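What follows is a pair of complexes built around chain A, which joins chain B in one and chain C in the other.
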Partner chain A sequence: MADIALESVTRKFPDGTLAVNELNLEIAEGEFVVLVGPSGSGKSTALRMIAGLEEITSGTVKIAGKVVNDLPPRDRDIAMVFQNYALYPHMSVADNMGFALKLRKVPKEDIAKRVKDAAELLGIEDYLQRKPRQLSGGQRQRVAMGRAIVREPAAFLMDEPLSNLDAKLRVQMRTEIAGLHQRLGTTTVYVTHDQVEAVTMADRVAVLRDGMLQQVDTPQRLYDYPVNLFVAGFIGSPAMNMVPARVTSKDSGAVVVFGSHEIKIPAKRLQASKLEEFKDKEVILGIRPEDFEDPDLIPERQEENLLEVKVSLSETLGSETIIYFDVDAPAVLTKDTMDLSSDASVEEAAASEPRNESTFTARLNPKTKARGGEAARLAVDASRLYFFDPTTGRVIG
Partner chain B sequence: MSSTVVAGKDVLDKPLKLLFPVWVVISLLIVLFPVYLVFMVSVAPGSALFGERPALFVEDPTLRFWNDILQRGDLWGPLFKSLAVASFTTLLAIVIAAPAAYVISRLPVGLRYGVVIGLLVTRMFPEFTIGVSVATRFARLGLIDTYGGLVLAHLIGSLPFIAWILVGTFETIPRDLEEAAQIDGASKMGTLLRVVFPLAAGGIAVASLFVWLYSWNEFLYARLLTTNQNTLPLQVFQAIDRGSRQQMATVAAVLTLPILLVVYFLQRYLKPGALAGAVKG
Partner chain C sequence: MSRSQEAAIGRPTDVAVPRVGFGRWFRKHKLEVALVIPLVAYVMVLTVVPILDTFRISLSGRAGNSFPSAQNYTSIFASRVFRTAIKNTIIVSLLSLSMELVLGMIVALTLHAKFFARGFVRTVALIPLGVPTIVSGAIMLLLFSRSGYLNSLMFVFVDLVNNIPGVNLEFQALSWTVAGGWRTLFTVAVADMWKVLPIVTLIFLAGLQSISEDVYEAASVDGATKWQRFMRITLPLLVPFITMAIILRAIDAFRIYELALVLAGRIEPVLGTYIGGRYLPPTNDPFTAASASIVLFGIIMIFIVAYLKFVAGRSRSA
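Up next, the complex of A and B:
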C-alpha cells in the first residue's frame, strides 16, 4: 500500500491537445479516489500516467513518496483493471491471475495458493481452468479484478472497469468493488464517467473537465458545496435545475426572481455570502430536484416559498415521484451546461433563437398528488439555493 | 423498406441453403480431383490406364512404382535438399519478418500502409528479371549449389508476403493486452514472447505454411542456382521426360506427401477464434 501524489502533472499530446493540464492530486494511503468527468476530460490519461502507460509531459508522479516518472509500469508496483478486461486469451483463468507472480519468480505453490485465495474472494474458484472466452462478461470482469488482487500491489488503478457490464451487474459489481476495498484497504484510483458510480464508491471524488481538475472532495461535500456550475450539474441525479435569475430587495428582505417566479432568500443565506454584491445583477440560480416538495406533505409548512407550476410529466418510481415542469425563463446556455449535456439538443437550442422556457425537475414524496397535465404547488427549501456567477460559472458563496 | 428486405431474404434463403453444400462439394472436387488422379495413377497397373475409357478407380492397385522409386533412391537427395531448404527458409523468414511486422503493425495508420505497400512493391517485378541478376551475383559469391544460396534466394520472394500477412495478424491483437502484460511485470521482449507471439500463432502458422510451400515448390531460383544437386521440383521436372505415366505420377505424389504432413501438423494453429475472450468484443 502506498500514497500517490500528482504534482502539476501535464500531458500534451503530439497534436497539441492538452489532455491533462497541471493536475495536482494527493491520494492518501488506502484511499479510494474516483476520477470522474465527461469523455475527453483527461481522467483516463491521468490514470495511465500513474500506471506508466502514458508519457508525462511535465510535472511529477510519486508513488509511496518516490518519483516514478521514468520508471516503466512493471517497476511501479501497481495493478490495473482495464475497461475491456484485457485478459490473455491463450491462458487459463488461473494463469491469467498468476501471470504477474510467475514473472516475479514467485514459487509455484505460493502462486497457486494466492490465486486460489483471490478466486475464492471473488467467487470464481470454479472457473480457474477455463479460458477467458468461456466466461461471461461479469466473470471476465472478476478475473480481471482477481489478476490485480493476486499481485498485492501498492495501488489498484481501474479504468472504467464496469462500463461494459449491463446495468444490473454494474450495480452489483460496484458494491463488490467497494466491499473489496474495505477488506483489502489498498489505495485505489478509479476512473469513470458515471457520477453515480463515483459518488457511491469513492472516499473522495476528483471532478475533471478539459484536462483541468474542477474540484476534489468527499461525495457529500461535492454535492453540498459544488465550486462551479459544472460540478453542480455533474454531481447529482437528476441534475440540478439551473436558470438565469436576479436577486433584488423586496420588503425587508431579498428575493430571487426568475421568469414569473419569486423565492425569498433567508436573511442568513444572504449575509453569509457575497450574494449582496450581485444584487440587481444577473446570477444563475441552482435548485436541486430534491429541494422541491409537495407542500401538503411537509409537516411544518412554510407558505412563503411556493411555486405555482403546471406539471408536464410525472414519473412514479415507487420510492419517489419525479415531476417535470416548464419555467418561463430561458435555459442556461454556458460552456458548463453544454459540456454537461450529452445530447445535441442543448447545442441546437443555443444556435437557434433562445426560447423563453426551460424544463425543471423535482423529486417528490411518492404520496404527492401532482400528476402530469395538472397544476401543482411546490415548496422550495430556500436555505438550499445555489447561486453562480454567470460570467465565471463559479459559485457565489 | 425493412419488410421488403426481410421478404427478399426469405425468398432467397432456401435455395441458398440448398445450393451451399453443392457448391462446397463442387469446389472440393475441382481442387482435389487432380490430386486424386496423381495418387490413383501412381498405384495403377498399366492395363488400367490405356483402355478406351480410362477407369476412375483402380481395381487391382500395385505398389510397384513406389517400390521402384524407393529402391532406385535417386529421390532421396533432392527430397532431403528440398526439405532442408524449405524448413530453413521458413525458420529464417519468421525470425526476420515477425519482429519487423510487429513494429510495422504498431506504426501510425498512414505510415503503416505506406510501409506495407513499399514491401509489396518488390513483388511487382517478374521474378525472372530479378532472378537472373541474383543468380549471377550469387555465382560470384560462391553461392551456387549451396543450401545457403537457395535459402537466401527464397527469402527474397517470401519475406514481403509474410511480413504483410503478419502485419495483419498483429494488428488484430489489442494493445491493451500488451499494456496489461507490461503492468503485470513483463519486459517489452517478455510481452512479445509470452503474449503477442502466442496470440499470433495462427497468423504465424499461415505465414510459415505459405513460405514453406513457396520454397518447396520454387522452381526458378532452384534451376538458376543448381548445377549439381537437384531439388525435388527439379527432379520431378526431369522425370516428366522419362519413364511411364505411373512413374511420373509417383514422383509427383512424393512431392505432395510432405505438404500433407506439414499442413497436418500446423492445422491446430490454423483454426479461427484464437483471440476470443481477450477483450470485450
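Up next, the complex of A and C:
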C-alpha cells in the first residue's frame, strides 16, 4: 500500500491537445479517490500517467514518496483494471489472474493458492479453467478485478471498470468494489464519468473538466459546497436547477427574483457571504431539486417562499415523486452548463432565439398531490440556495 | 468443427429429410440448392474431377498395361532423379517456409510500429507481389550469378574477416545457381521467399492488428518486459495467423516450379520440374507425370494434416 501524489502533472499530446493541465492531487494511503468528469475531461489520461502507460509532459508523479516519472509500468507496483477488461484472450481465468505472479517467478503452489483465494473472494472459483470468451460481461469484470487483487499491489487503478455492464449489475458491482476496498484497504484511484458512481464509492471525489481539476473533496462536501457552476451541476441527480436572478432589497431584508418568482433570503445567509456585493446585479441562482417540497407535507408550516407553478410532468418513483415545471426566466447558457449537458439540445438552444423559459425539477415526498398539468405550490428551503457569479461561474459564498 | 457449428449444419438435413422425403425437402429448399449448385459444379469440374482423373492416369499406362497397375509408381521410385527431387522439394520448402516466417514476422512487427510514412513503406513492401514469377527468377539470377551481388558481398565480408590477425579466408567467386547442392537449393528458397514475403507479412500484420492495445498495456502493468510481451502475448495470439500462413505457403512451396526451372534447371530437380520434365517433350509421358503428381499431392496432404494435428491443435488446447 502506498500514497500517490500528482504535482502539477500535465499531458500535452503531440497534436496539441492539452488532456491534463497542471493537475495537483494527493491520494493518501488506503484512500479511495474517484476521478470524475464528462467524457474527454482527461480522467483516463491522468490515470494512465500514474500507471506509466502515458508519457508525462511535465510535473511529477510520486508513488510511496518516490518519483516514478521515468519508471516503466512494471516497476511501479500498481495494478490496473481496464474499461474493456483487457483480459488475455488465450489464457484461462486462472492463468490470467496468475500472469503477473508467474512473471515474478512466484512458486507455482503460491500462485495457485493466491488465485484460489482471490477467486473465492469474487465468486469466480467455478470458472477458473474457462477462457475469457466463455464468460459473461460481469464475470469478465470480476476476472479483471481478480487479476488486480492477486498481485497485492501498492495501488489499484481502475478506468471505468463498470461502464460495460448493464445497470443492475453496475449497481451490484459498485457495492462489491466498495466492499472489497473496505476489506483490503488498498489505495485506489477510480475513474468514472458517472457522478452517482463517484459519490457512492469514493472517500474523496476529484472533479475534472477540460483537463483541469475543479474541486476535490468528500462526496458530501462536494454536494453541499460546490465551488462553481460546473461542479454544482455535475454532482447531484437530478441536477441542480439554475436560473439567472437578481438579488434586491425588499422591506427590511433581501430577496432573490427570477422571472415572476421571488424568494426571501435569510438574513444569516446574506451576512455570511459576499452576496451583499452582488446586490442589484445579475447572479445565477441554484436550487437543488430536493430543496423543494410540497408545503402540505413539511412538519412546520411555511408561510413564505412558496412558488406558484404549473406542473408539466410528474414521475412517481415510489420513494419520491419528481415533478417538472417551467419558470418564466431564460435557461442558463454559459460554458459551464453546456459542458454539463451530454446532448446537443442545450447548444441548439444557445444558438437559437433565447426563450424566456426554463425547466425546473423538484423532488417531492411521494405523498404529494401535485400532478402533471395541474397547478401546485412548492415550498423552497431558502437556507439552501446557491448563488454563482455569472461571469466567472464561481460560487458566491 | 465446434459442436454448435455441427449442430447448425447438421440439423436441417438430419431432422427434415427422413420425415418429409426428398421431394418435399427439395421443394422447400429450392433456392438454397440453386445457390449451392454453381459452387459444387466449380469444385467438381475444376478440382475433384481433375484430381481423380490424374489418379486414374497414374494407374494406367501405354497400350498393354492392365488397369489398375502400380507400375508407374514403382518406376519413378526406382529413379534416382525422382528421389532427389523429393528430397530437394522438402529441403527447399522447409527452408523457404522458415525464412518466410521469421522474416515475415520481423517485417510485420516493424511495419506495425508507428513511424513516419508508414503507409508508404507498407505499400513499397508489397512490390514483389506484383512482379511475375519468371521476372523474379531473373532478378535472382542477377543476385546469385558469378558477378552478382552475393559474391561481391562475400568478398567484402572475407576482406573484413581477414583483417583479424591469424585469419586467412579464401573465397572463390562462384555462380550460386549452377553450383549444385545446397547452394542452388538455397537460391531457389531465397527467390521463393522474396516473392511471397509480402503475403506472409500481410497475414502477420493483420494478426498483429487484431490484438488490442490494452492487452499489451495490461501485460506491461502486470510486469512483462517487451520480450515477455512478445513471447507470451503476441506469439500465442498469432497462432491462427501463423497456421494460415504456413498452410497457404506450404502448399505453394511444395509445388514450386517456375523459380526452380529458371534458377536450378536440371541441376537440382524438384518435384514440380520433375513432373514437367516427364510430361513435356521430349519425354511425353503423362503416366509417370501423373503418378509423381499424386505423390506430390500426398506429401502436401501429409504435411497439412500433421501440422494441424500436432502444432495448431496443441497450441489451441494449451
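As a working rule, the second predicted complex is superposed on the first by the 397 of 397 C-alpha atoms of A that agree within 3 Å, B and C clash if a C-alpha of one lies under 4 Å from a C-alpha of the other, contacts with A are read in each partner's own complex, and residues count from 1 in each chain.
Operating definition for what follows: contacts are C-beta pairs under 8 Å (C-beta built on N, C-alpha and C of every residue); 3 or more make two chains touch, one makes a residue touch a chain.
Source: prediction; values computed, not measured.
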Superposed partners chain B and chain C on chain A - clash or fit: clash
Which of chain B and chain C A:Leu53 touches, first, second, both or neither: both
Which superposed partner A:Pro132 touches (first chain B, second chain C, both, neither): first
First (chain B), second (chain C), both or neither touched by A:Arg246: neither
Touching partner for A:Arg74 - first (chain B), second (chain C), both, neither: both
First (chain B), second (chain C), both or neither touched by A:Asn164: first
Partner chain in contact with A:Arg140 - chain B first, chain C second, else both or neither: first
Partner chain in contact with A:Lys12 - chain B first, chain C second, else both or neither: neither
Partner chain(s) touched by A:Arg221 [first = chain B, second = chain C, both, neither]: neither
Touching partner for A:Arg269 - first (chain B), second (chain C), both, neither: neither
Between chain B and chain C, more extensive residue contact with chain A: B
Interface residues of chain A shared between complexes with chain B and chain C: 51-53, 72-74, 78-80, 82, 84, 86-90, 99-100, 103-104, 147, 151
Residues of chain A touching chain B in the complex: 51-53, 72-74, 78-80, 82-90, 99-100, 103-104, 131-135, 137, 140, 147, 151, 164
Residue ranges of chain B touching chain A (in the complex, touch as defined): 174, 176-177, 179-187, 190, 194-195, 198-199, 201, 273-280
Chain A-touching residues of chain C, taken from the complex the two chains share: 212, 214-215, 217-225, 228, 232-233, 236-237, 239
Touching residues on chain A, where the partner in the complex is chain C: 51-53, 72-74, 78-80, 82, 84, 86-90, 99-100, 103-104, 147, 151
